[in-house]
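Chain lettering (A, B, C, D and E) follows the sequence in which the chains are written, and residue indices restart at 1 in each chain.
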Amino acid sequence: MDKKEKKNKAKRQSAKAGLAPGTPIFIGERKQEKTRIDVIDYDENTLHEFSDTTLEKGADLAQTGTVTWINVNGIHDLGMIESVGKRFNLHSLTLEDLVNTDQRPKAEMFPSYLFIVLKIISYNETTNAADVEHVSLILGENYVISFLENEGDVFDTVRERLRSAKGRIRSMKSDSLAYALMDAVVDQYFLAVERIGDFIENIDDRLLTDPRPDDLQEIHRLKRDILSLRKAVWPLREEVGAIEKSESPLIRQETRVFLRDLYDHTIQVIDMVETFRDLLGGMHDTYLSSISNRMNEIMKVLTIIATIFIPLTFIVGVYGMNFEHMPELKWTWGYYLVWLIMFSVGCGMVVYFKRKKWI
Amino acid sequence: MDKKEKKNKAKRQSAKAGLAPGTPIFIGERKQEKTRIDVIDYDENTLHEFSDTTLEKGADLAQTGTVTWINVNGIHDLGMIESVGKRFNLHSLTLEDLVNTDQRPKAEMFPSYLFIVLKIISYNETTNAADVEHVSLILGENYVISFLENEGDVFDTVRERLRSAKGRIRSMKSDSLAYALMDAVVDQYFLAVERIGDFIENIDDRLLTDPRPDDLQEIHRLKRDILSLRKAVWPLREEVGAIEKSESPLIRQETRVFLRDLYDHTIQVIDMVETFRDLLGGMHDTYLSSISNRMNEIMKVLTIIATIFIPLTFIVGVYGMNFEHMPELKWTWGYYLVWLIMFSVGCGMVVYFKRKKWI
Amino acid sequence: MDKKEKKNKAKRQSAKAGLAPGTPIFIGERKQEKTRIDVIDYDENTLHEFSDTTLEKGADLAQTGTVTWINVNGIHDLGMIESVGKRFNLHSLTLEDLVNTDQRPKAEMFPSYLFIVLKIISYNETTNAADVEHVSLILGENYVISFLENEGDVFDTVRERLRSAKGRIRSMKSDSLAYALMDAVVDQYFLAVERIGDFIENIDDRLLTDPRPDDLQEIHRLKRDILSLRKAVWPLREEVGAIEKSESPLIRQETRVFLRDLYDHTIQVIDMVETFRDLLGGMHDTYLSSISNRMNEIMKVLTIIATIFIPLTFIVGVYGMNFEHMPELKWTWGYYLVWLIMFSVGCGMVVYFKRKKWI
Amino acid sequence: MDKKEKKNKAKRQSAKAGLAPGTPIFIGERKQEKTRIDVIDYDENTLHEFSDTTLEKGADLAQTGTVTWINVNGIHDLGMIESVGKRFNLHSLTLEDLVNTDQRPKAEMFPSYLFIVLKIISYNETTNAADVEHVSLILGENYVISFLENEGDVFDTVRERLRSAKGRIRSMKSDSLAYALMDAVVDQYFLAVERIGDFIENIDDRLLTDPRPDDLQEIHRLKRDILSLRKAVWPLREEVGAIEKSESPLIRQETRVFLRDLYDHTIQVIDMVETFRDLLGGMHDTYLSSISNRMNEIMKVLTIIATIFIPLTFIVGVYGMNFEHMPELKWTWGYYLVWLIMFSVGCGMVVYFKRKKWI
Amino acid sequence: MDKKEKKNKAKRQSAKAGLAPGTPIFIGERKQEKTRIDVIDYDENTLHEFSDTTLEKGADLAQTGTVTWINVNGIHDLGMIESVGKRFNLHSLTLEDLVNTDQRPKAEMFPSYLFIVLKIISYNETTNAADVEHVSLILGENYVISFLENEGDVFDTVRERLRSAKGRIRSMKSDSLAYALMDAVVDQYFLAVERIGDFIENIDDRLLTDPRPDDLQEIHRLKRDILSLRKAVWPLREEVGAIEKSESPLIRQETRVFLRDLYDHTIQVIDMVETFRDLLGGMHDTYLSSISNRMNEIMKVLTIIATIFIPLTFIVGVYGMNFEHMPELKWTWGYYLVWLIMFSVGCGMVVYFKRKKWI
């Protein structure tokens, strides 16, 4: 999450102060103009797709025995959100959390549905930072409703698998669909982790040999991205564990083993994130050591030059004095003697430095 | 909390040494002159407001079946506090905690009432620091008593909602009212967090390019504010969790789901606070790196200037000597030769520095 | 605890090696000459005080139905300790711990009594350090025995309250008396915390503007005091919690709510101690930053002076050379030209530094 | 794990995004050309070995009452993996984890088998870094299937013991075999730990006397190796504990005591790893202190030389001035007086430095 | 533990790779030539001592109703260890752990005996480092077998108390004897802690006033000793707790209260160790601050000398120039004027430094 955005969010979050709890207020950035609803209705044998349809259509299909997936793109239209709430009998707090993009990942069991909040992390190529998107899932008896901040491609693979009837997915109930959607979100994390890994590798390679002030900025940026990832993934772990262990009748036994697998993947992401965090901490130290090494080298050169020439300059200064009675000045070999002395002093210094291993 | 105030508080806290436990002693700063009592009495259909009324009035209304909210502004009048204790049959330790502004947030279940301690964090524009105010709630069968250190506006939104009969609030019992008051307190935290976020952003933007000694002071000030916030919010989390899970008959089932939501908000504040803490820690490091980068640049310039001119100064010193027999001095082109030598030495140095990437 | 003392204690502790466990060995410093026993015997209506009396007297009174408080000042007289053990049927390990001033705070339930170890922290004005004193309580059916290392005033307030029959204390049983004594000890902690708070404030105020090497020593001293406090208070928290939750019939139900209050106070002390610890850690960093800031400023001045004058000194050196053929020396305006050149170089340097924001 | 490799793995891991969960995808490096299956079938009296045989052979033998150990070298042949899955009725998620070389160590109980994931750590002599290999075990009623990334010698000792009928191993069931294989893997860790210990010792010996920039790089490399080891060993601990405490009928009572022993070994490795980690952290600090000590020594020499000669150079400069009226220049002993003064100043400086303990 | 030794141990530990688990392999240093067995057999009335006797003698006595203590000095004779195992029916893993000097402290309950592993820490005066010795105890119905790496004096005090029939010890069963031996080991820790405390005090006293490079080495050595102690004591705490809470019939109720006391002592050692660790961490920081303070002082002197004399040297350089037209050179008071100017510049500098509080 970029800094500016975070501030704005907090601003909007505080704008809720004074409102009755359970009042849905959209506090994110409006990422697209129109809310768009897509519905897929399927069972083992048939599959119907309705693009850009109405909520009514989805709600009617959800009543039938087939599995209905209602995908809502855009959550800034509070009227729409409230009619979803009314049609599917959702708790007012669920509606509030649906549109509160600051809500951290969590799973909440209600008598008739399961409410799941997730975060999609994607790498924004233009701002060069990790983008966080708020996703919610409502898992009911025969339906799943997914809410996205804007039309994205994260669920395309699930859609594709449904269409091609590949895998187990078509023969399964709504809980499997919800699992597939969660799995798609977690798979996205690997992409973000990869990008961060690439950046880390790029910097790390030259950090010891050629540190630049920009690297520090880059390291700080990566630390923030890691922070965003951690905030998305750590609560997810508990969340998936809670769904797996929940006694909700909406989650069938055969789905639980897949949820355990998802739990494993979440831990894998956490492991990578923590490893990168360790590496970044180490890189910060390496950068500082590296900078200080260079500084030390520079100081060493200064010291060597100065300590060799300062005494020599003193010597030549002595024979630049204008005293009338300076016998050395009259010696025929005085000048050459001075050179000899200076040469000896200089060599002595160099030998001393060599012995001290400074050069 | 400002430093001076903390010290004073500790002083007063120690003043309690030797007194019987359960003796209420006001240890805060007397923030206003007179204790003022406001009462709101309502049920689904009616609402009566009594401003600046007596305790008796409130106590009488609390006996009726309607919900009575007694708001006590000012807790330094121990006589008043003790009569509240007598009328509502409060435990002596409750009275002690009511006026002990050092008491950390907690919830305590007594047979006939629930005692809740909270902290309001508000941003003081004049001292530029987070102010902490001690708030207590007594939740009884049909009444809620709230104690504030001084007349503030934190509960105005609840009052407004009660008056306008907006939301669920009017149709609900005293536990919902207590929840609404707690929610109002937590909503305040977002404002404080925002302010801190703003300050962080201001400093962070220029830290890498133009670090100033003041920034360090500012960072330390923000760290202290974060400390205050943490001390208010961390125990709150346990507290709200404990109320939600408590088996007290005063908390009805339908209120618990709202308390869980409040719990979520508390965690959200904690998340933000911890994020800011991480950022501030990082900013401290950035500041130090930044300062040390500038220092290094300065030292580099010194080194380059000194290592170029020290040998040259030695050379000109040599020919400033007054020996009678210095053949070079008589050479026609001696002077120009010296310039040539010096020019070569200087250029050699510059080339060396370029190769070392120092310039 | 002062360093010297700690070492001595460890020495004496190791002196116990090889003795049968349960052999009481006094390992502290003998803080007073004679062991002195004071007894207070009371019930709701009567109170009898016996100053400097015998153990027998106290033991006889303990057999009656009234509450008997036997206060033993001085624990170095092992004969006395052993007769207490015999008369009150104490376990040999209890006797060992009674006189082992290294024993950390703990509560141990024995069938016929409860054994409580505490530490009094007081601020020693002469050594300017926190003093730790070992206190033990034996809570029996109708009696409390308190053991102090030397005659102190920590229990005076309890004595006073008993005499003046103020508060609940007289109408209550031995468990309330034990609670009152523990409460008096915890109240003392606030005084020590205050003192440390004062010192912290004193240093902190001038740390950024005028850091002194002494401050570092002071910060280290305070860190050690905080360490002593932590060692006394952290185990106390568990201890009070354990007594409160224990199923010992010696602790009555009405006392437990007071113990919970004591538990709260302990946490409050811990909170303050941890806050001070954080502040001290921050102050150490501030001190270092501050010192390094000053150093940087000094280096900057050196650099500016040196980089301005080193080139100028070179120039004047050039025209101090004694070559016979140096045409500039004969120019009428040569001298003034050199001044002009030097002035330009100097100004150029200053402008460069200004642009770099070094001055 | 080496940096390059990690990046590649993450790449491949993300390549799984969009596939149905439970689809086995090999994401490691193909370490050998052909998958090779070796089977050992034994009971107390007989032992048959089949090198480079077919899966069918192994599956047939697994049906008999004897213990069958099927060792699969190479996991990149997904067709082979899938036929193993079909023959032994493995869950699709097990197959996915079998070939997912990023899967962290874990144990999973399925109704008919126990699935164990391990990591072999071996020290690669050419890259001078710790290599991580993915190993999986399937423990069934009468068989154990082990999957290795490539043909290694880690299980040679188990094979040898089986052949020579040494130890308890031949008389025992499949769970003992699985234990023996796990034990062989853990024994390998000691070798890796040793290598790291050797490197640490090498560097540590000269770090205080002769620090080199390379040492920092070496320390960082070792830190990464320790990171790899930790990632392999920490989950292993939980894993072995879980198997020991599991109620799976596949694990007999007599095996559990051996598993507890294995658990102890794992903790021993962890202890060593953590000790090395502490040492490495300390070595990093020592390196920095050491470098800074040398720098300080260098700076001290510069300061001493400069502060002695700068005033002397000034003095000789004074008498190099060409004023017409400089009485000292005409004094007969002026020159010698100046030498005397300079000698005194120099000696004064040296005395001052001695007193300050700088030399 | 000294570094060299650690490495050697790891080497030998890895030598076990490939052996059947439960194969006893001695991996320590052979500390003495011959294994020596001493037996003490006693009950309340009689005591028989057999020095340098055979295992058979001890095993026979262990069958009788009296308590038999078999002390085995030296554990490198695997034949002997195996015959002990056979005679007393010990598990093969117990034998392995008996001679595995890397085994960390633990307690393991077997049906017929309790197996306890401890570490003796003693301060080696010659190497100036903490020595670690591996000790095991077998507690059976009527016997205790203790295994030491070499003949030491740690159990002498127990032997003495048995002989002199002092204390409770003679009237008690084998569990009390085992407790007495463990207590003797823990008492040893206080001696090691003391030694470390002495070293810490020695260094700490002069660290702020006179830091030496050796001190850093000493601090690192002490940190390692503390590490050894921690590794011995931390697992011991769990271990003693586990024995105390175990339901083994070998531990009688009256012994448990003594074990709780031992547990307290262990915590006391841990407390001291952790305090010393904190102090050492602080001392490292103090050392660095102290070194950097001295450096700063040195740099300050350099800066002051240089910034005063560099401008003065420039001035005298100016009048050392040989221009023909330099009017000042002809002024009668020119020379004195220059001195005046230089004096003013010098004083100005000094005043500036005073104002900046640099001198």
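Here, a residue touches a chain if its C-beta (ideal position, glycine included) is under 8 Å from a C-beta of that chain, and two chains touch if they have at least 3 such contacts.
Given the structure is predicted, the values throughout are model-derived calculations rather than measurements.
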{"item": "Contacts common to chain B and chain D (chain labels)", "value": "A"}
{"item": "Chains touching both chain C and chain E, listed by label", "value": "none"}
{"item": "Length of the line joining the C-alpha centres of chain B and chain E, rounded to whole Å", "value": "42"}
{"item": "Chain D and chain E: spacing of chain centres that average the CA atoms, whole Å", "value": "26"}
{"item": "Junction residues of chain C, two or more chains touched", "value": "299, 302, 306, 310, 313, 317, 320-322, 326"}
{"item": "Category of the chain touch graph - line, ring, star, complete, other", "value": "ring"}
{"item": "Sequence of touching chains round the ring, chain A onward through chain D", "value": "A, D, E, C, B"}
{"item": "Residues of chain E that touch chain D when the two form their complex", "value": "3-4, 6-7, 10-11, 13-14, 16-23, 91, 93, 96-97, 102-104, 106, 108, 210, 213, 216-217, 220, 223, 227, 231, 284, 288, 291, 294-295, 297-299, 301-302, 305-306, 309-310, 312-313, 316-317, 319-322, 326, 328-335, 338"}
{"item": "Touching residues (chain side chain D, partner chain E) in the complex", "value": "156-157, 160-161, 166-169, 179-180, 183-184, 187-188, 190-191, 193-194, 197-198, 201, 204, 208, 257-258, 260-262, 264, 267-268, 271-272, 275, 278, 282, 285-286, 289, 292-293, 296, 299-300, 302-303, 306-307, 310-311, 313-314, 317-318, 320-326, 356-358"}
